[in-house]
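Both complexes below contain chain A, partnered by chain B and then by chain C.
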Partner chain A sequence: MEKILNQEKLREWVDMLDDCEVYAPAFADSVWNFARIEAGTDIDLSHTNTIGSVKEFVFPQREVFFRFEKKDGVPVLTPTLPDPKPTVVFGVRPCDGRGMPRNDTVFNKEFVDPYYWARRDKLTLIGLACNLPHSPNCFCQSVGGSPHSEDGLDVLMTDLGDRFHVKGITVKGVEAMERGRDAFDAVRDGDQAEVEKVHDTSRSFPQRPLGNLDAIPEAIRENFDSPLWADMAQHCIGCGICTFLCPTCHCFDINDEVISPTTGEGERVRTWDNCQFPDFTMHTSGHNPRADLGSRLRQRVSHKFLYFVENHKTQQCTGCGRCITECPVGIDIVAVLERVSQ
Partner chain B sequence: MTDNLYLPKIGRIVGIDEETQGARAIKTFKVEFPNDDGFEHDCGQCAMLSMFGKGESMISIASSPLVKEYKQFSIMKMGRVTSAFHAAKIGDFIGIRGPYGNQFPLNDWKGRDLVFIGGGVGLAPIWPVIQTAVARRGDFGKITVFYGARTSSDIMYEADFEKLKASAEVQLSVDAPEEGWPGYTGFVPANLMDKAPSPDNAIAITCGPPIMIKFVIQNLQALGFADEQIYTTIENKMKCGVGKCGRCNVGKDYVCVKGPVYSWAELKSLPQEY
Partner chain C sequence: MVNVEEIRDYAANLLKKGEVKSVLGFRRGSASAFAEPCTITDVGEATSLVWDPTCLNNLTLYLVKDRKQQAAAKNPDNRPVGIVAKGCDSRAIGVLLQENYFKREDVVVIGVSCEGTGVVDPRKLSAKLKGRTASRVTFGGADGINVSVYGDETETVIPAREILADRCLECRAAVPALNDVVFGEAVGAREFDEPFHAAKEAESLSADERWATWEHHFDRCLRCFACRAVCPMCYCPECVVDSTTFVVTLGTSAEEKANRIRWCERSANTSESAVYHLTRTIHLAGRCIDCGECERVCPVNIPLRLLNTKLEKEAFEMFEYQAGHDIEQASLLSSFRDEDPNSFIR
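Moving on, here comes the complex of A and B:
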């Protein structure tokens, strides 16, 4: 389904999604991030990219798996599976959209993660093509994507100035468009050509290059024992921001939190974790397979550009550039890969 | 809705054996499923055990799959969860989910000699293989079990070893000299070289401290065992057990799913990150 939506009709569409939780980018505290949109509120799609990625809608920072308590001396477990309202997210950049099928793979393969899927099944992603690169660190095209990639999105919107071209990609996406029926106009002669022109132009801007993507796995393998990892990681402060903001990083921790020490009542909780932390892999004995910064940088890069490729035939990176832009000490995954490939 | 893989079943401790004492004490727990919702497992698989309020730990299942009434776990007192296990009493309830991981390919080894080499608590992961092989005694050739502990009082499954002698050759060792010790004195890899089992039509299965495994494999190779004839089981820190939390990987493999059992031929091809 392809439609035209005048800029001033955007709010009308959003208002017709009143049985859903609607999120869109909002500018606050100097950054764009997804925020809940109440009915009757305008949304602003002039954003660059959000600081957090859409993975937060399916994989929240903190999530309770179940509550435990003791009744008559026997543990009683109460699962806390989420049951969210249908959720529609506007303004999803194609790099984040491409992250979602990768996350689906992780939370599906071998064992189905019911917490992830309870949210995922209710989520509709309305993408917005990037007419301009939103950061000098964008490299979506270098990892096989594009500024108007439809991969992982339910709808792709393209900004044509006074109006949007809106394309329904999945069943969920078409349903969301049908809900806003009256807000849309038919596609007219010339619209398609204009969309193509905008998309062509968006692909013509320079991006961070990665060279031959197919050669990277072998280059990483050959450099496994190279000193370059330690060299490039020596200024890493191990803060983990690279993974927390990444649209595809999925590592997590599971811990018990005791609410009442007297009754033993508590919760088992999943929280985000991070391969850049030393205790991520440290055994109780103190032995640590990835004891130094270099081996941990190698793990982050290898996971995305070697192991995920070996297991799933695609990179676990969509070139959003957040890990480069937001790293406090300037560690740059493109520069690391460039050096590995030399 | 699919099964909630993170929701443990309730287990009940019905037996506790003190194997060794001291700073790194080992206790063996027999666990039943009071709600009759237990699961089957294969040799080499693990289960995620929990003490509610303390957390979870991945522990290898030390009982044979042929034993259906209970599952057995030998746990060294190391951290928060394992210390809570050591403080537990018979009748206490635990959480248990699994089984996780692959298995020793015992069916592929029919007609072959089996050489087991264990050290310390590393006996636990290979114990179900030993027990199953002995229960199916006619399926295999000669069975030899090497096992070493720091001292004679640190030897696990002592009573079971006595029974084992009826169907297998048992070669015990202690690290340092002890008065009256009838077995070998010295480290496990040295005892292995001393007895020099033949690699002909044999499979070697080893587990123990990493340093022991390293020298055992070197010595097996010196004895003529090919990489495909050597099996071990490895461990890494685990949280989910289902290949998602991201920490137990060795190269492309999550040990909780693709491991813990590897032939040396397979393990050699992975990065040395364990």
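Moving on, here comes the complex of A and C:
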């Protein structure tokens, strides 16, 4: 389904989704991030990219698996499977959209994760093509994507100045558009050509090249024991910014959080974990196989460009550039891959 | 103006004469318009050193890292390290000297005066550009900073006052007092804002308003621990929020594992994030030298500097103590004077 939506009708469409939770980018605390919007008038799609990625909607930083307590000396478990309202997210950039099928694979392949899918099945992603790259660190095209990729999105919107071209990609996406009914106009002659022109232009901006993607796994394999990793991680501070902001990083930890030791009351929770943290690989013996930051950088890069390729035949990186832009010390995954490939 | 050639020559000379094993400095990176840290070991690399208001990092962190590495090394290389340091950075070195983390002769301080300006605050810049990326940031004299925006060829001049870091606006000691050499003019104060300006402003709010503010910020915290990781004073081998030294043996019971002390849970929620940040704040009392790194690196822009400067202000008002200003002085928490206020003892 393809429609035209005038800029001022966007609000109407949002208001017609009133039985859903609607999220859109908002600029608060000097940073763009997804925020819940109450009314269509709150929507602002002039964003660059959000600091947090859409993975947060399906893989929240904290997920309660179940609650436990002791009643008359007997442990009692209460399930806490999430049952969210249908959620619609506006302004999703195509790089984040492409992250979703990758996350779906991880949470579906060997084990179907009910917590992930309870949220995922209720989620509709309304993408917005990037007419201009937001940052010199965007490299979606170098990892097989594009500034108007439809992969993983339910709807793709393209800004044509006074109006949006809106394309329903999945059943969920078409449903969301049908809810907007009268807000949309039919596509007229020439609109299609204009969309193509905007898309062509968006692809013409120079992006940082990764060279031959197919050769990268072998280059990483060959350099597994290379001193390059330690050298490139020399100024790494070992924080979690790169992975927490990544649209595809999905490692987690599971802990029992005891609220009251006397009643044995508490929750089993899943929280994001991070390959850059010292306790990520800490063995119970006290031995840490990835004791230094070089081996942790190697792990992050290898997971995305070697192991994921081996296991799932695609890169676990969509070129959003967050890990580069937000790194406090300038560690740059494109530069890292360049050096490893030399 | 600081002549960057002089810094390069000095660094090259230190390496040539073998007086240092490496020099910590700034170079242009591939990731952004801001400079990135570098460690140079060859004389030839000295030409890559840069100096301008995009040299944000406090490189003292890497002196701490080096000490940790040498302590763990089989054949430690204990030769001194050279470091390019701003006024605030030199005070961080001062605190580490006071705390005997390393010795004065372990470090050659290549001091650089900020000359009445300071460094750019990326958060303020982001607010100006509404999230767009600066592709080039250059210093256009005391009045303005030239900023080019990515994807836009035009260059805008933004008044320095509007995008300099708060700490720079409040700074009264922009010339490194602790140094082996200083480059640039000795312009100490710039008088843009009075000291503790931001903290005083925050204090004027009611307790409820302050709690609402911090609840909002703690709720947003991702617990990426970048603020801790970047802090040169956060050098504890094991932080209270990690449990990396709980050793499990064959004899450790399930009960012992389950009941191991965890001061702070992994969950990023208000209470756990408040515990984390307030613990860090208290651990920095009388030690924080206001380099602002914690606030700079925060990906969601939590105004962490406010927490630390509040305690800095207390240390100054109650004990006339300024961290890192005098390395001969005993540190605040390890000293007692008869005239210290003691009204809190009942």
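In this text, the second predicted complex is superposed on the first by the 340 of 342 C-alpha atoms of A that agree within 3 Å, B and C clash if a C-alpha of one lies under 4 Å from a C-alpha of the other, contacts with A are read in each partner's own complex, and residues count from 1 in each chain.
Just so we're on the same page, contacts are C-beta pairs under 8 Å (C-beta built on N, C-alpha and C of every residue); 3 or more make two chains touch, one makes a residue touch a chain.
Quick caveat, the model's predicted, so the values are computed rather than measured.
K.L.:
Fit or clash for chain B plus chain C once both are placed on chain A?
P.N.:
Verdict on chain A: clash between chain B and chain C.
K.L.:
Touching A:Gly264, do we find chain B (first), chain C (second), both, or neither?
P.N.:
first
K.L.:
Tell me the contact category for A:Arg163 with respect to chain B and chain C: first, second, both or neither.
P.N.:
Neither chain B nor chain C is touched by A:Arg163.
K.L.:
Looking at A:Val334 after the superposition, I want to know if it touches chain B, chain C, both of them or none. Which is it: first, second, both, neither?
P.N.:
Touch partner of A:Val334: chain C, not chain B.
K.L.:
Tell me which partner A:Leu81 touches in the superposition: chain B (first), chain C (second), both or neither.
P.N.:
First partner only.
K.L.:
Go through the superposed model and pick first if A:Ser285 touches only chain B, second if only chain C, both, or neither.
P.N.:
After superposing on A, A:Ser285 lies in contact with both chain B and chain C.
K.L.:
Touching A:Asn255, do we find chain B (first), chain C (second), both, or neither?
P.N.:
Both partners, chain B and chain C.
K.L.:
One more residue to check, A:Asn311. First (chain B), second (chain C), both or neither?
P.N.:
A:Asn311: touches chain B, not chain C.
K.L.:
Pick from 74-82, 200-208, 236-244 or 254-262: which stretch of chain C gets in the way of chain B?
P.N.:
Given the superposition on chain A, chain C and chain B clash at 254-262.
K.L.:
Once the two structures are fitted together, what part of chain A is touched by chain B and by chain C alike?
P.N.:
Comparing the two interfaces on chain A, one with chain B and one with chain C, the shared residues are 253, 255-256, 273, 282, 284-285.
K.L.:
Using the touch definition from the top, list the residues of chain C that touch chain A in their complex.
P.N.:
These residues of chain C touch chain A: 29-32, 34, 36-39, 57, 61-62, 123-124, 126-127, 130-133, 135, 150-151, 220, 222-226, 228-230, 242-245, 247-249, 258-259, 265-269, 293, 296-297, 299-302.
K.L.:
Spell out the part of chain B that touches chain A in their complex, as residue ranges.
P.N.:
Residue positions touching the partner: 1-8, 10, 50, 52-56, 78-79, 82, 93, 95, 210, 235-237, 239-240, 242-252, 257, 271, 273-274.
K.L.:
For chain A, which residues are in contact with chain C within the complex?
P.N.:
Going through chain A, the ones touching chain C are 27, 29-33, 46-48, 51-52, 61-62, 132-137, 205, 234-235, 237-241, 244-245, 253, 255-257, 261, 269, 271-274, 277-279, 282, 284-286, 288, 324-332, 334-335.
K.L.:
Show which residues of chain A lie in contact with chain B when the two form their complex.
P.N.:
For this pair, the touching residues of chain A are 65-66, 68, 73-75, 77, 79, 81, 106-107, 109-115, 117, 224, 250-256, 258, 264, 266, 268, 270, 273, 275, 280-285, 287, 289-290, 295, 299, 302-303, 306-307, 310-311.
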